[in-house]
Amino acid sequence: MKSVYALFDTGEAAQRAVNSLRSAGYGERDITVMTAAPMEEFEFSHIGRHSYQWYIACGGGLLGLVLGTWLTTYAETSWPIVVGNMPIVPWYPNIIVIFELTMLGAVLSTVATLIVTAGLGRRTPALYDPEVTSGAILVGIGTPRADGDVEQILGAVPGARVKTV
Amino acid sequence: MIRQDRLTRTLLKPLERPGVGWMLVVGVLAVVVAFGGFAWSFMMWEGFGLTGKRWPVFWGFLITNFVFWIGISHAGTLISAILRLVNAGWRRPVTRCAEVITAFALMIGGLFPLIHLGKPWLFFWLVPYPNRRLLWPNFRSPLVWDFFAISTYLTSSLLFLFLPLIPDFALIRDQSTGLRKTIYGTLALGWRGTTQQWHRLETAMQIMAVAIIPVAVSVHTIVSFDFSMAPVPMWHSSIFGPYFVAGAIFSGIAGLIIAMAALRRVLGLQEYLEPIHFENLGKLLLTMSLLWGYFTFNERLTAWYGNDVAEMNTFAATQTGSYSPLFWTMVTVNFVIPVIILSIRRFRTITGCVIASVGIVVGMWLERFLIIVPSLGHKFLPYSWGTYSPRPVEIAITVATFAAMALLYTLFAKFVPIISIWEMRAGAHTQESAPTRESVPVDARLGESHS
Amino acid sequence: MAHRWGMAVDLDLCTGCGACVTACHAENNIPTVGDLQASRGRALHWMRVERYIEGEFPDVKTKYRPVMCQQCDAAPCEPVCPTYASHHNDEGLNAQVYNRCIGTRYCANACPYNTRFFEFFNSTFEKPLHLQLNPDVSVREVGVMEKCTFCVQRITAGKDVAAAAKREVKDGDIVPACAQTCPSKAITFGDLNDPESRVSQLAESPRGSKLLEDLGTRPKVTYLAGAEFA
Amino acid sequence: MDRRTFIKLTAVSTTATLGGCSVPGQQFIRFIPEEELKPGLAEWKPSVCPLCSAGCGLTVKVMQADVEVVKDGQHGVVTRGVAKKLEGHPAHPVSQGGLCARGQAAIQVTYHPDRLVQPLIRRGNRASGTLEPTTWDQAITELVAKLDALAGNGHQAALTILAGGRPTLRRALFDQFAAKFGAAPTVVHEVFSDDLLRYANGKSFGAAQLPTYDLGNAGFVLGFGADFLGTWNAPVAHAAAYGRMRRGRPGKRGYFVQVEGRMTQTGAVADQWVPVQPGTEGVLALGIAHVLLRDGLRPATTGRAGALIDGWASGLPEYAPEQVAAITGAKAERIVKLAHDFAGRGPAVAIVGGTPLAHTNGLFTALAVNALNELSGVVGRSGGVLFTPQLALPVAARGSLAQLVASPPQLLIVDGANPVFSAPVAMKVRDALDRIPYIVSFTNFLDETSALADLVLPDHTFLETIAEALPESGSSSAVISIAGPVMTPLFETRGAADVLIDVAGKLKSPLDLPWGSYQEMARASLAPLGDEAWTTAQKQSGWWGELPAAATTRPTAAEPKPRPVRYAAPTFSGDVGDFPYHFLPYASAALLDGSLAHLPWLQEMPDPLTSAMWSSWVEINPKTAAQLGVALGDVVEVTSTAGTLRVPAFINPAMAPDIIAMPVGQGHHSYTRYASGRGQNPLEILAPVAHPETGTLAWAATRVKVARVSDPDGRLIMFSALGELRENPLEGETR
């Protein structure tokens, strides 16, 4: 089954296209909108806004914290050597290492999440048009329904350049 | 068909086939860097004695450079992170050139703990892994803290630089053909610009920004610990953490201004790097200059008023003694001149900012030198006092690092748009923000400051 | 019971002759660096005799003070070492493991007494000077820190001898090179854990004080004050 | 080679070659060791320090090592015992288990990279000719020929032996040789000679030798310029005694006052440091004596020492505190206080030596201090002045360097002296040597004098042959320091004494020396001490104890009509107007008179007061320096009537403003890689002023002027780099 999409030059047109697709019964999941830059002032840009990134980052941080705590205590106790009259497991110095690893955990988990949830690093899906990056706004349906009138709906919007892949 | 708007055209122009001038610059810089590398190898071959280090001043130029470059690295990521969080609209053209500085300055600075080793070929003994006898490095040593801090900071800075590059890589991918297309295509990681991707990216950047600010602060604090942990006159002080961080940001911004001015001139980005950016950075620089003056005053006053014997000896050496010329130069170029130039609107021009910045870069280098050397030379037992002057290898290596910075920057600007195209676009959209049928909740936007 | 080696230096006996300095060179394979390197501050004197002259002619007072590694109990040089090359051994010595040292020179900066020295070059011993080298002491390679060890090789030897003779180490069995050569016997070495040892008693002396005591480094070298306590 | 060696050699070489085949380039002969060796275990053997006259007993740590040797023309390696470390012999009465910095470095004499390893003979004349290696046979034949030539035409007296100052049996042996050959009186040369003091002690006490001070039992020590803890007489013995004086007697701490113009290493540890005008020390001594007599603190004496002082019987009327203060510059009340301490804290001993005796009125000073000691009642008593009984040896006539210069001999044999370096250039020793047709030198190193020699005979070092010395002082009992060889010689060297005996036998008319070897001679010398003496000595680095009366030197009788001396102001070369400063050369703590400048450990040992290494310098009082505009390290020009030197300056507050002091020791032209061409030699500008009585050099009788030349040229190398003198430099300064 082919994907159908249309390119628009203005946000308004794109918005109109999205709205008519919605009224035709297509839901958030089916509609794909691509822009060269975030266009927060248009409603369509809110599609797929919800995510758990913040929580995952915190989780990553927590992981780093545990790791750091274990690493320092383990390393120091595994071969206890006295220096400068300090305890074998000195908390103040360890906190520094623990802190760094915590932050590292948070950062790495964030990036990982991004790559996974944004579907980066995979083969580019069929539904795409190089014009997007140079300013055109793409509105399309990955998998139209059998009674596919998507071409008409999109074509109805003035200034739409409808394509199928 | 691909339409290229003006923005894209100007920002992608530098990526075109290099000219003779560019080749020449790169060539010269490469030679200088190579010479520095040679100096280092020679030093390893002959022995560390080729440096000017001596009993009791065992740290000198090399560690000065270390602190200096780590300081410079605080320009980019930290600044851009802060600006992202407060959503300063004027940040858009600035952030990337800033973040690049961080990446490279860290790479260079991080090299010095290796260069300065008596046995550099054993540098990996600093890395936290157990040796053949299952002995780990000593986590109580600030040098090991350095390892953790710097590696964390470098990792996050590189990612922080890379993430916003993805969409621009995608742009280049779509506008180029052949090998170039494949290369940038790979870098673009299959970016399509769907609304989801934009949201993920924006959020990720937000989180990174939040995480990176404390890391950056910790990095230079820990660098300051290298000194303040040791019972050495004028080192063993609790003000060093904030003092170093402030100094770092200070020198960082100065470095950034110089870089931006250069880019503006060389790549003809006048219309994107506008006077307003320098104006704003200038204000920031002024603040930092005042902050620096405040910290320096605190540090000097407490030493002077406390009147500890050993500290006073170091104090005198810098205030009136043999180091005083350097000291007063530092005060002039770090405080007097910048405050005069930057606090008077008429002078806060691009030229003004650059002049101030150059002085500050020099001054901050001096500051690090004056923190390290006089103290070591004036420890508690006067019989064991000593002085230090650099020898050719150290100077060669020092010069080479500046060349390396310029070189890396030039190369980067050749292969990557130095101003984030998509962020400029996003900015543009918000300026002409058109009325839409659906009312957009305020929180729905990345609340731009429409100033 | 574990030993805790300590030293006492009687400043009232020190004549500043420098015998300890040369003896230290002879015992510990310390190279002479030559005039050029000496002028660049690379002379290696684990033991030095500090000289201070106060006042103006004719009312001048001079004092000598031999300074070697103070073998601090809370040594600033130890924790800063990333590789544990500088650490505290179970007899209270600040041990320096030459082949763990990668030459950050941080310990030397942290040492308030400036008693740590650095091998800036591979040390050379012009033949046949090499025949004098003490086989019980390793010759340090370029890029490592070194310092007074309280003649740890003599300590080990002394303990071996005692063990061979099936007895405890007696006070005076072990004498570092500096103490042995000192013509006026200003230097006393011994076990601070043995309350009967001369060094323990001298450590208690009212004339006794530690160098830079208030830094909290807890040195194991006691300095016995000179004339003013006559 | 004998059969055994041959078998050994072949056996070893084959195995070595086999081993070598597997590892190419590893082919070398490993000789079979000739000695019993305990791998890794140290053996301690007695020896005697050769570096100064003190004659300290040593114990030498010997361990095995691989030594590169040449045997029967074959290069190879042999494992043998070599000396590793020198320590003072605990039983020896002079060293008492201690050893000075110089003694510690003595081992480097043996292992010195520039040691002479085979005889050198001159081809061509001195100006253009060179010294070239030769064999011992040739060398000895040459020497024999030269001596025979002299003897042939009856010019025996045209042979002179020039020797260093150390009293040894070897010296006695050389004397015997000279006597038997009929040579001119042997010339003994030391730049810092104590002959004047010996002479004075002869007059005052009947013992013409250096005194031994029983500091250990003294309550009050009054030093007159003598650096007795540093470089003078027997420093190690003195230091040991000083230790006992300070802390050896629970509850009693001896008091020490030093009188001098420039603070010596010894003066630095004094409880009181009393500077006086140079050359007036004797006056101060008599000033104290005056007060002692006036206030009846000590009973008046009528001994022979006092009899030599003008006005002694009448209570020294000319030396009342006020007059003394006027002359010496010390405050009158201080003199009185000193006198009272002197009497009150007794037993009180006065020590004189070094600079005070190097003025033209040195004899007066020495006699004055001797008289003070007599008055103190400590001569020959515990806590006072003792004289170490001396082993009686055949008396030999002595010539002076001046005579030698005046009438150079035909043949000169140099043994342990280096006058080209260690005599004032103005004495023109060099020219004299140039006029000597043939010079033979027994030495380990090619020093300035040996460089002029026509035949250089490399000696064993003290570790490779019998080491011995006849300590003149430092012990209350008689001492003969002697010990057998510690290790087999490293090179093709030969003991000078044995060579001389060999030569004596080879002459056309052989000299009937009573012994076949140095060892026999040594044994014979100890014979009068009983049969055990030799074996005991071998075990413990010397013999000490009660000398049989027959073997002891006799004290000289007092002159029937002594001519009393009175103070005469010292005279100087160069008048005050043109040359405002006293020039004070002194023996360097590390290098002594320069004879030790070739030992790297001593070159790099920081000087006790300046912390200088590898350098020479002049010391200037801060006030003077300020007047001259001289700062630390600046190069200054020091000019005397005899010449000019350019030296870096060290600013030293512990000396009088009118004194310019400079250590002797550096400035060698030829003395191994470590000393050659380094620093300046103050003797080059020293006026050759001699003591009228003894003809010895009055080295403090030169005046100089000083001018700043340039900024520091980096030649003053200091361990304490900033030259900081004060423990708290900011003390007393406002913030």
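As written, the chains take the letters A, B, C and D, and residue 1 is the first residue of each chain.
The definition used in the following text is that contacts are C-beta pairs under 8 Å (C-beta built on N, C-alpha and C of every residue); 3 or more make two chains touch, one makes a residue touch a chain.
Owing to the predicted nature of the structure, the values given are computational and were not obtained by experimental measurement.
Counting C-beta pairs in contact, the pair that comes out ahead of the other among A-C and B-C is B-C.
Here the spacing of chain A and chain D, counted between their Cα centres, is 90 Å.
For the pair chain A and chain C, the distance between C-alpha centroids works out to 64 Å.
With centres defined as mean CA coordinates, chain C is found 44 Å away from chain B.
Note: centroid distance chain C to chain D, computed from Cα atoms, is 30 Å. Shown for chain A are the residues in touch with two or more other chains, namely 81, 83-84, 86, 93.
Shown for chain C are the residues in touch with two or more other chains, namely 41, 43, 48, 50-52, 76, 79, 81, 84. Contacts with at least two other chains are made by residues 611, 720-721, 726-727 of chain D. Here the touching chains pair up as A-B, A-C, B-C, B-D, C-D. Of all residues in chain A, those touching chain C in their complex are 81-86, 93. Per the touch definition, chain C reaches chain A in the complex via residues 73-79, 81, 84, 86-88, 218.
Taken in their complex, chain B has these residues touching chain C: 46-49, 52-59, 113, 116-119, 122-123, 125-126, 135, 137-138, 140-144, 226, 229-232, 376, 379-384, 386.
Those residues of chain D lying in contact with chain B across their complex are 611, 720-722, 724, 726-730, 735.
Contact residues on chain C toward chain D in their complex (touch as defined above): 10, 12-19, 21-23, 25-27, 32-35, 38-39, 41, 43, 45, 48-58, 60-64, 126-135, 177, 180-186, 226-227, 230.
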